């Protein structure tokens, strides 16, 4: 019954009525004992994501208390099922724009009114390629918060018991064999969620990321779709992708029906070992570990081609789920500097890094670092696996970051119909193509 | 007749403040909103006028028409069911039954709760409780989660609407039933009519005004339903249960098409206005003719 | 008479079954508010294996319940009070004034009742922020907005009532030397009791439960109302059902208590509003 079904929705918030900039320390937050002649007040919209909001708040509280930069950060929260633009546009209208915002798909909307990160030290530290999505017309509108990855999550204990080694699965047929082996061991092979965002934003990404080996080629596919010139059914990669879709559907626990779809059910199935695999992302790892604290849960690629070595077959989808943007339209120069200072603290100091990437149980946010110079790294099984994939360059692009607003919803609706068996391949392809027409 | 000066004085004392607030909060923003529909407003800035382009686009937008159609169906279903159920409840609790007060309270209670919270409650019922109940009792109706199929999700919204609003209408009908003059009923008793005849031939025509008001209130609420839609179905499955309010909202805030969302909102107002005028006109004619 | 009694028993059973159906959702929420997350998901109908009263303490804590309750109360009382004063005065003016201006104004008010809030939301926020009037996002601002949005319906209700009050009363007071404001305050307004109850109840229910307006106006976390706070239990991927149910219970409780205390007035209020 998740009210929020939108994977990439950053927790949004609404600003504070206080004057944005005020001078003098007297009333400043936690400024006692510091030498600040002047405290710069800034606002941070949302808590990056709901799951780590307590840790985030604690981090900001500590930052405000130590106050090395003479900056006071105020977190702006709001009801969670609220689209980013619904929160942000009234704030801009009201002249109370938040200083720091985190978002992904709305970056193009925000680009004209946010700070250009080009040449900033933090942007230089960001891992290669992570700024591409946030670069709009040559302007670097945001810097990455973290990387997330999705693919086939697996329960190592179940796979070991069935004698399956994930490293040996390099093609769709081998995946089918692995499913067979797990079945024989008496466990359902996979939990394939029919959640619209899982299908619409993540599973469709597997096709788009495999569609071409280079970014230009992948974007060309999007352009063709936009122009209404793409015939998906005649694309062999799309065919492969549909075959894999069918394979997961055929092997999912229960029947493939969005009626039986529930995020928590997926967590439970994989955590207790009722299934061997689950198509999901590393954000589920804390949930899995809560359910089964001593479990080992990893992630592997979704091979769609039947030829080993085909581009993408050995890679997991890795991307940046949200970018940090700094308002440049209503924030003063001091406030923009202050906002940079906060992010610099998080990303470059030991204290900040401990909050940023430290383990959840120690009060950290468990973010996979995407910057040079990190001394803290996540300790969990899946997070370290992902780090290995990143180090080996075995990553697929999140082409879904380039989906226009609303497309993943339309994709999700079409995919759910196919998942439910309401539509056939031709209808599905036609609906995916039609999603671009709007 | 008052003098002009007295009139102005009275206006200043009684009407100036309320009307100023009304104009500031409602009229000016509405005008501003209408102005936006002729521009390329993106939620932040306006760069140019586009004439009627937004309206043309709205008329060509399938999603808009689908939502509009769904909304009309929802309004029609709510209009009938809320009032039939509300009326039946009113009849029941005006009978000489034991525990009438308790019954009234039970029927009215859902009305106290806001749409968002109602939606969360029923999401839990349809998603979790009913399927388990169906399994336990063998009643197949609720076996599947109703919110995951377009048709049943639509009826789920109607059911919750009836559950929420029928108690309110019940109160209105109770009042109307109680205020029917006894002489009219006694006269009919002498005529030897039975209870059913009395209901349809005597009582209901005398309650015409209550029907007018109940129908208007139901229609207005149903057209503007947003909270319940958002928290119960969120427009799912496949985005097929988006009523017009939610559609307008998503168009603006999820998709960032602010001018087009605003245009759809203005069109929504026009449709509601036409429907409300028609309903009131028809009801009034009926009231007069009785 | 025996047959009549049998019929009554039949209707009594029928009505009782309906009442149980109406109450069922509340019972479910109550029952699940003392369970843990897993149990809510797997055994929603079963009796709790362990009664977790802690859910309530935690829900109160996570929602900042007492603060939210205070905010909701202040906003509701403030707004309803302001609506009663402004709309009764406006209605008095409109009902007593025979000018063309006042009849046009009345029509505009009636028409405005069907303007959807969605059509106003953004254009109106812009007028009041720092770029416009610079109103802060607090209880007074939101009460001001509620007056703007609520004055039409309330004026309409008062108007119907006041037109039935004989004009002679005003005149008599005027002859005694009372000013119009004084006439209104000491003679007319006291006669509006029943419809004032209607106006108070209709607006209180609306404002107490409202979600959209507070979500765009109440900018400060410390000022959030109960409906806004109910959402803290629903996460991006997963929700804490047991806590959420406890949260729903304590969200509903104040208005239910209010109903039981004011039952008579509420019912009378709705009745008066419907049949003027």
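Letters A, B and C mark the chains in the order given here, with residues in each chain numbered from 1 onward.
The definition used in the following text is that a contact is a pair of C-beta atoms (placed from the backbone, for glycine too) under 8 Å apart; a residue touches a chain by one contact, two chains touch by 3 or more.
Just so you know, these numbers come straight off a predicted model, no measurement behind them.
Chains that touch both chain A and chain C: B.
Contact count check for A-B and B-C (C-beta pairs in contact): higher for B-C.
The chain with its Cα centroid farthest from the Cα centroid of chain B is A.
Chain A and chain B have Cα centroids separated by 39 Å.
If you average the CA atoms of chain B and of chain C, the two centres end up 16 Å from each other. Counting partner chains per residue, chain A has residues 1, 3, 81, 86, 89 touching two or more of them.
Counting partners per residue, chain B has 43, 120, 124, 128, 249, 252, 258 as the residues that reach two or more other chains. In chain C, the residues that touch at least two other chains are 41, 122, 126, 211, 234, 241.
Those residues of chain C that touch chain B in the shared complex are 8, 11-12, 14-16, 18-20, 22-23, 25-26, 28-29, 32, 40-41, 43-45, 86-87, 89-90, 92-94, 96-97, 99, 105, 108-109, 111-120, 122-124, 126-127, 144-145, 147-149, 151-152, 155, 180-181, 184, 205, 208-212, 227, 230, 234, 241, 244-245, 248, 251-252, 255-256, 258-260, 263, 267, 270-271, 274-275. If you check the complex, the residues on chain C that touch chain A are 41, 121-122, 125-126, 128-132, 136-138, 211, 215-216, 218-221, 228, 231-232, 234-239, 241. Across the complex, chain A meets chain C through its residues 1-4, 6-7, 9, 11, 14-18, 49-51, 75-82, 86, 89-91, 93-96, 263-264, 267, 283-284, 287.
Within the complex, the chain B residues that touch chain A are 42-44, 61, 63, 120, 123-124, 127-128, 144-145, 148-149, 230-231, 234, 236-240, 249-250, 252-256, 258. Considering their complex, residues 1, 3, 5, 81, 83, 85-86, 89, 92, 106, 109, 112-113, 196, 257-259, 261-262, 405-406, 409-410, 413-414, 416-417, 438 of chain A touch chain B.
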